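Step one of this worksheet: look at the structure below.
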Amino acid sequence: MDTERLRKLLEDVSRGDLGIDAALERLRVLPYEDVSGFALLDNHRALRRGFPEVILAEGKTPDQVSQIFQRLAAHNDRVLATRVSPEMYQAIREQLPEAVYHPVGRMLIVDRSKEEKKPGVVVATGGTSDIPVAEEAAMTAELMGNCVDRIYDVGISGLHRLLSKQEQIQKARVIVAVAGMEGALASVIAGLVAVPVIAVPTSTGYGASFHGLAALLAMLNSCANGVAVVNIDNGFGAGYLAGTINLLK
Amino acid sequence: MDTERLRKLLEDVSRGDLGIDAALERLRVLPYEDVSGFALLDNHRALRRGFPEVILAEGKTPDQVSQIFQRLAAHNDRVLATRVSPEMYQAIREQLPEAVYHPVGRMLIVDRSKEEKKPGVVVATGGTSDIPVAEEAAMTAELMGNCVDRIYDVGISGLHRLLSKQEQIQKARVIVAVAGMEGALASVIAGLVAVPVIAVPTSTGYGASFHGLAALLAMLNSCANGVAVVNIDNGFGAGYLAGTINLLK
Amino acid sequence: MDTERLRKLLEDVSRGDLGIDAALERLRVLPYEDVSGFALLDNHRALRRGFPEVILAEGKTPDQVSQIFQRLAAHNDRVLATRVSPEMYQAIREQLPEAVYHPVGRMLIVDRSKEEKKPGVVVATGGTSDIPVAEEAAMTAELMGNCVDRIYDVGISGLHRLLSKQEQIQKARVIVAVAGMEGALASVIAGLVAVPVIAVPTSTGYGASFHGLAALLAMLNSCANGVAVVNIDNGFGAGYLAGTINLLK
Amino acid sequence: MDTERLRKLLEDVSRGDLGIDAALERLRVLPYEDVSGFALLDNHRALRRGFPEVILAEGKTPDQVSQIFQRLAAHNDRVLATRVSPEMYQAIREQLPEAVYHPVGRMLIVDRSKEEKKPGVVVATGGTSDIPVAEEAAMTAELMGNCVDRIYDVGISGLHRLLSKQEQIQKARVIVAVAGMEGALASVIAGLVAVPVIAVPTSTGYGASFHGLAALLAMLNSCANGVAVVNIDNGFGAGYLAGTINLLK
Amino acid sequence: MDTERLRKLLEDVSRGDLGIDAALERLRVLPYEDVSGFALLDNHRALRRGFPEVILAEGKTPDQVSQIFQRLAAHNDRVLATRVSPEMYQAIREQLPEAVYHPVGRMLIVDRSKEEKKPGVVVATGGTSDIPVAEEAAMTAELMGNCVDRIYDVGISGLHRLLSKQEQIQKARVIVAVAGMEGALASVIAGLVAVPVIAVPTSTGYGASFHGLAALLAMLNSCANGVAVVNIDNGFGAGYLAGTINLLK
Amino acid sequence: MDTERLRKLLEDVSRGDLGIDAALERLRVLPYEDVSGFALLDNHRALRRGFPEVILAEGKTPDQVSQIFQRLAAHNDRVLATRVSPEMYQAIREQLPEAVYHPVGRMLIVDRSKEEKKPGVVVATGGTSDIPVAEEAAMTAELMGNCVDRIYDVGISGLHRLLSKQEQIQKARVIVAVAGMEGALASVIAGLVAVPVIAVPTSTGYGASFHGLAALLAMLNSCANGVAVVNIDNGFGAGYLAGTINLLK
Amino acid sequence: MDTERLRKLLEDVSRGDLGIDAALERLRVLPYEDVSGFALLDNHRALRRGFPEVILAEGKTPDQVSQIFQRLAAHNDRVLATRVSPEMYQAIREQLPEAVYHPVGRMLIVDRSKEEKKPGVVVATGGTSDIPVAEEAAMTAELMGNCVDRIYDVGISGLHRLLSKQEQIQKARVIVAVAGMEGALASVIAGLVAVPVIAVPTSTGYGASFHGLAALLAMLNSCANGVAVVNIDNGFGAGYLAGTINLLK
Amino acid sequence: MDTERLRKLLEDVSRGDLGIDAALERLRVLPYEDVSGFALLDNHRALRRGFPEVILAEGKTPDQVSQIFQRLAAHNDRVLATRVSPEMYQAIREQLPEAVYHPVGRMLIVDRSKEEKKPGVVVATGGTSDIPVAEEAAMTAELMGNCVDRIYDVGISGLHRLLSKQEQIQKARVIVAVAGMEGALASVIAGLVAVPVIAVPTSTGYGASFHGLAALLAMLNSCANGVAVVNIDNGFGAGYLAGTINLLK
């Protein structure tokens, strides 16, 4: 559309219907505005590459979520809303009959894409309580077109559980390490592999875990190379980044 | 210049030297880039209104400060560097013969402007130790074209000192309140006036002042209306904002 | 009234009914007390200028809110209570038939004023979840006599959305920037304009947002000039300050 | 009783019924144990002076509170339980028919003492929301035998309200200053008087008040002399200390 | 002086030289201003009672300290500067020949008063490293006219050391408890006595003492009644408050 | 099993059925994997020594807890789940008829072991509110085969209560000290004994206890030797460690 | 070597020189130990892929750094030590004649590799003060075999500077965004591209930047997708991760 | 001595030289005081068991350290001062000719004991920078009579280094795990053994390690059983506790 407006302006100049100065004046007002047009095209490219805008349902009303979801579903093959509580899903499920709700990862998804998934992403957790965040990561990466290998409950206090999964781990091109409490899983894994590790601290634990702060700090201070960290409980962010890395050409 | 490039492109289109599609293509690459051209024009307007870019000397090498200062001094009537330590000034004073160093506020200034100052800014401090930050605020506002009334050492533990300055305070159009320790000066002043109060917490104090955190939190929680806060010890920021408000037309 | 008492005392002195020493003694006891009389006059002036005392409903009982509201409504054209939960409104609505409840901004308002609104205030938000705080700011400024332009959901991760609003933004005399998460909206806006920006961190987000702390710190550390910050979620404070700045003569 | 045991031992030694070494051995085991006897006597003295042990109901089960209360009521003229929620009171009221519940201060009290109250304690609050904590302080001091003057809602953003109470304030021998938000009330009051000020930060406020941390830090950093601070919302502690100071002979 | 001005005004009114309205007008401008006059009288009373304004040397230049000290020494029998480093003392000692420097407590004192000291203050420390802060407290109380009993190095890890001082402790009318690390001294002492305990956390210790934060929090959470806390390392504040309490009539 | 696989490999090599290089290749893939086999044997040894894996119920669904519990109960004499809320117990009690629920310590236990308990563990608390955490510690140590002596409500504000238990305390081989608020119990006890003290901070308290942070920091800064600390409210961890120490041979 | 030992063992078994049980026994002791052998092989593979172990010089003595450096230089084509102060370099330069010191990034490097660099990494900074950290990132990635495009001083307060670099930014396969203060650069860049962004908060700034905490939190809360964060000032970590991502096949 | 006094008193009673009431009176004054006597005996027992009082040199003057050291050396076979800087040692070495200074662990030691050391203590570190703290722990345990096995630089990012030390680790009766950064070493070790692990966080690292806070929190949140934590950098405390556990009979 913006392209249309620009073309129209250029045609007007070309035909002599618009003087240079007037065109210049209109372009002077236009830049940021039109930028948005181009940015949107960029945005469209991003969509084709993987993902449209994602809805963070938490903090929004059911109505807002439902409306944004429908608007996105009208123009995209894939739509994703995260942190959708069961109550919110109940409130909007009738308006979104095509959407599938995943209660563990608290995600609402429409996926009409057909493309083949690319293997290479591993999602690992330290404990059982970290699984909801891990599922958010795994399903995000899958929706983007990645094939995800889940390795759950391999926390470092029982190193053998982790080491017994060496083969799977060594096949990964990128690993998401999800852990609460002391959050050491990311460092241990990163010490075993030579690929990027995206660490997700979780708010599991109690007391001096301070809702995930302990794990967050531990992961930021990882003595292993190749680790970067996302926000506490941000499974989506880690899955998105891992998916992006795995899909890099 | 950007305007020149745009005009050239439009003229080419107008003359038929450049096809619509080719022009479109070049504009598609251009937007953000050219945006910068327009933004720079905006920037120029900002400079004329008051202030060019300001140099935060802390964290830079003397060389970097000296070079940026000279570059700015070549195109502006006013140049300001803040947080210039005496040692840094010694290292660069010979390269900047025109610049005046103000040791209390740790500022390095060139001021070739002639315009009349507009009264309306008051800068107040709780104690003697807050004066360096207050001077940074006051001199910034003055350099922008404001006339500043200083009311120092009127901390709230001796309310009478503050109340005895009522007349001066009531004449202000905007007030900068600089205080460390419990930082209550801003609230007390804001309770006495009906104009904006910019609060500057300082890192004076010890122990549970936590380098200004106590004053910062106190100021953010002011029970008085009309108070906003800048970073700890950020005299420049407060002076700049107060100066901007006072100069608003 | 206090003036009456003073006049009476002076008349008594003038008529010789009260000796100098006795008058002096009474004045000696009086000052702070009478000060309050004068201060109240001052207060009255403040009321005429824009705003009477505002009720922070949170932390008070419905009864307390209702009584203070009625008392203020008896003597003022405008009354404002903030942070009024729907439950509290239900409990007191019958006692305050004239008051209008705004559920998004959680405000209870009586507005009998007729004066024309002055344009110049812009309120912008990063996301949809920031709207309640933004509405609190916007409606506060409106009630004070300002005309407010709302620019919502222009967060920095999609810069084009913000840049497409350039025209509106450039018209502002003062801008309220409301954002949670990384809170960068204020800096980006302040980099585009030459007017004061009042930043409001919001508690939207999760994990390491620490209920708004991340946004608060980011805003305090803004690398752009002309930004000051209010308390987390303090839409009222920002709206009040922006309104005060815009109404400055 | 312990005295009895000691006397018995000494008599046995005196009568030759107990050898020196055996006595020594029994004393060697005894000291800490018997210390408790003497300490208890001390404790009894403390009770007579003002207060028996006080029950912090929060964190205990209704049953625990009820039993401890009854045990104390059997041997003391005055019994006090603090932080008693209405629900807890409902659960135990039948077992404690003599106890009076004060819902604002959330206290449960038995007071059979007849002694005259000694004037000298002032309890002041910044706002209406601080009253529950202030009542806890005031009623504690009263129960100890002090006469308390309440000065509520004299927060520093409207200095005139505080200053109009100068006469009452100047009569105090000790002042409890209760305030949330920026907590400056204590400093302002301490600047006006020459008596001890016990500051109580409250958890009223929101955002960067961090549940009373802002007020706590502000009070600890008071620039006025003669201020000491108790825990956030600890009305009891402040009232107890103020009462102790006022009753000092 | 202010009294003089008021008397003059009243005399003018009395003589008919000044009309009621004109007098009223002048009084209207006067209140806050004249308040300061009265407040100063109040201040004078405070001085006679114990202490003039005290100089916190830290954060001031040697020049500022020297000038303020001389000004105070001209009108007061007692002058006190705290946190005076040996370097600062060297820089100003010649200008202040009468002042005595106490290097342990880092205080600079002039004391020309002759009045008898009143016994009743005990200052106790947990360890040897807390002595500088304790000396600041003790010497402040002494300068105010109190007689101070020092009980040093009685930290709770060797309870017997503390218990062996029971007799001294039981004689106190008010106790200052100075301790770093876990800061439990205040609670233990308060459990032994029935008089006010002023707790001073110190920044001794390392690691998770976080420069005194651990001791500060521990003291604020004391499970013993009758404890209030001052800022970390604030020996002066504790000594001043203890002195004030002991001198209460 | 892993041993079987290894034996099979070696036999194949021995019989010449597997070449050296092929065997080497399989071992190269195997190491970490087989390590897990050995580690599991280790694990089995750990189980026999005292404790199988323990279930932290909090953060898991009732279903997950029930399934893990049943799986462990099938192979172990002792099974322990901690932080089991009454609601969770209601949801799974029918599936676990043998399990005993202890509501104070919120533990679910199966204990079919017959071995005699070894005396030596003391669990002490500062107050009544600390008992749930203390019970978690005590019952954990008991389940491991220790005999536990409970000394509750001996907080340091009434030192005599603690000192009267000297005899019991002196008999301990290891002591768990459970306390909230200022958490000084651990230091005082450690000052009285020459055995290890495991300190458990609890989240009892309010305000500046910051959910147990104050007690945690105090315990970490203990001036007494021989104290180590576990997470806030981590009764299980302390009981487990104390039990392990007491059972050391 | 470990492989050698294993081969020897297998040959012994194959030749019948070692019985199955004896071999099994030796393998049982071996696993973890030998694991290390395999892990080292893994490590070797990692070395070939990019990087040997890196030396964090800070916290080590010059001697330790020099020795480790020499040992690594004996077996590797590339050696890297980070956070090498000029003083430390002076102390060890004679022992490491081949090593090149880069004072801006504070790195000591030996690079004997000849392989061609792969383009795709962009390193951007918000300000001039962030350059040392950025150089650490850039040089690390270069040493790994990446070609790095530096875009410095494009902080968001002057959006046009960043936008004018659009072309360079859009060519990146992975971007390192280095910024202090409010740290918004990462979000703004991530909003413009569809590739991974590694955010590095820096400790530049003052006051409420809390040594990089503000930037760290802001980056963790980025509202843009595809951002992960490393430790404050950890240029090496970011460069290593970006290099790893860019070299992924 | 105290025993002597008691015996004398009993003999006086026995001989009739002291009446019952008089004896009772003297005992009443005596308890706490004499308690100290017994406690001191206790203390003596503690000394024989392992360790006299230890001197924390940091925060004391060289003179204080020297005097306390000499006093202890006069009555004890072993004397230990920790955190002795090289400067302090220089200042006092002549007064303590027998004392040996260990610069790595910053300890000053006199050891005249001859008893055989008991094996069982392992001290492990994550990195080279943790060695000073580890040495403080190891030498403390050795001085107490333990034989210490040091396993340094086995951080978890290279798991093979740790696993290759399995044999040594499995022989330990108690392990001290010293680590900075993410502090995961303690958890990994505790997952491999069935003996107590004392974790020591160190302040090595930078940025979000916050001087050891990250490691401290990680260790407190260890998901492995049997871990307890001491203060940051508190090698002495960990060594003392480990030594005590190993020497338990």
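Just a few scattered comments:
A, B, C, D, E, F, G and H are the chain letters, set down in written order, and residue numbers restart from 1 in every chain.
Operating definition for what follows: a residue touches a chain if its C-beta (ideal position, glycine included) is under 8 Å from a C-beta of that chain, and two chains touch if they have at least 3 such contacts.
Keep in mind it's a predicted model, so treat the numbers as computed, not measured.
Common neighbours of chain D and chain F (chains touching each): E, H. Farthest from chain E, judged by the mean position of CA atoms in each chain, is A.
For the touching copies chain E and chain H, the fraction of interface residue numbers used by both falls below half; the interface is of the different-residue type. Ranked by distance of CA centroids from chain D, the top chain is G. Looking for a copy of the C-E interface in D-F, F-G or B-D, one arrives at F-G, which has over half of the same contact pairs by residue number. Annotation: 54 Å between the Cα-based centres of chain C and chain F.
For the pair chain B and chain C, the distance between mean C-alpha positions equals 25 Å. With touch defined as above, residues shared between interfaces to two or more other chains in chain H number as follows: 32, 35, 38-39, 158-159, 163, 192, 205, 207-209, 213, 216, 220-221, 225, 231-232.
Listed by label, the pairs of touching chains are A-B, A-C, A-F, A-G, A-H, B-C, B-D, B-E, B-G, C-D, C-E, C-G, D-E, D-F, D-H, E-F, E-H, F-G, F-H, G-H.
The touching residues of chain B, counted against chain E in their complex, run 128-129, 158-161, 163-164, 166-167, 204-209. Partner chain A is touched in their complex by these residues of chain G: 35, 39, 42, 45-46, 49-51, 54, 173-174, 192, 194-196, 198, 216, 220-221, 225-232, 237-238, 240-241, 244-245, 248. Touching chain G in their complex are the following residues of chain B: 29, 32-33, 35-40, 43, 53, 56, 58-60, 64, 68, 83, 201, 203, 211-213, 216, 231-234.
Across the complex, chain F meets chain E through its residues 126-127, 155-159, 180-184, 187-188, 190-192, 205, 207-210, 213-215, 217-225.
Chain contact summary for the complex, chain D toward chain H: residues 3, 6-7, 10-11, 13-14, 16, 20, 23-24, 27-28, 31-32, 34-35, 38.
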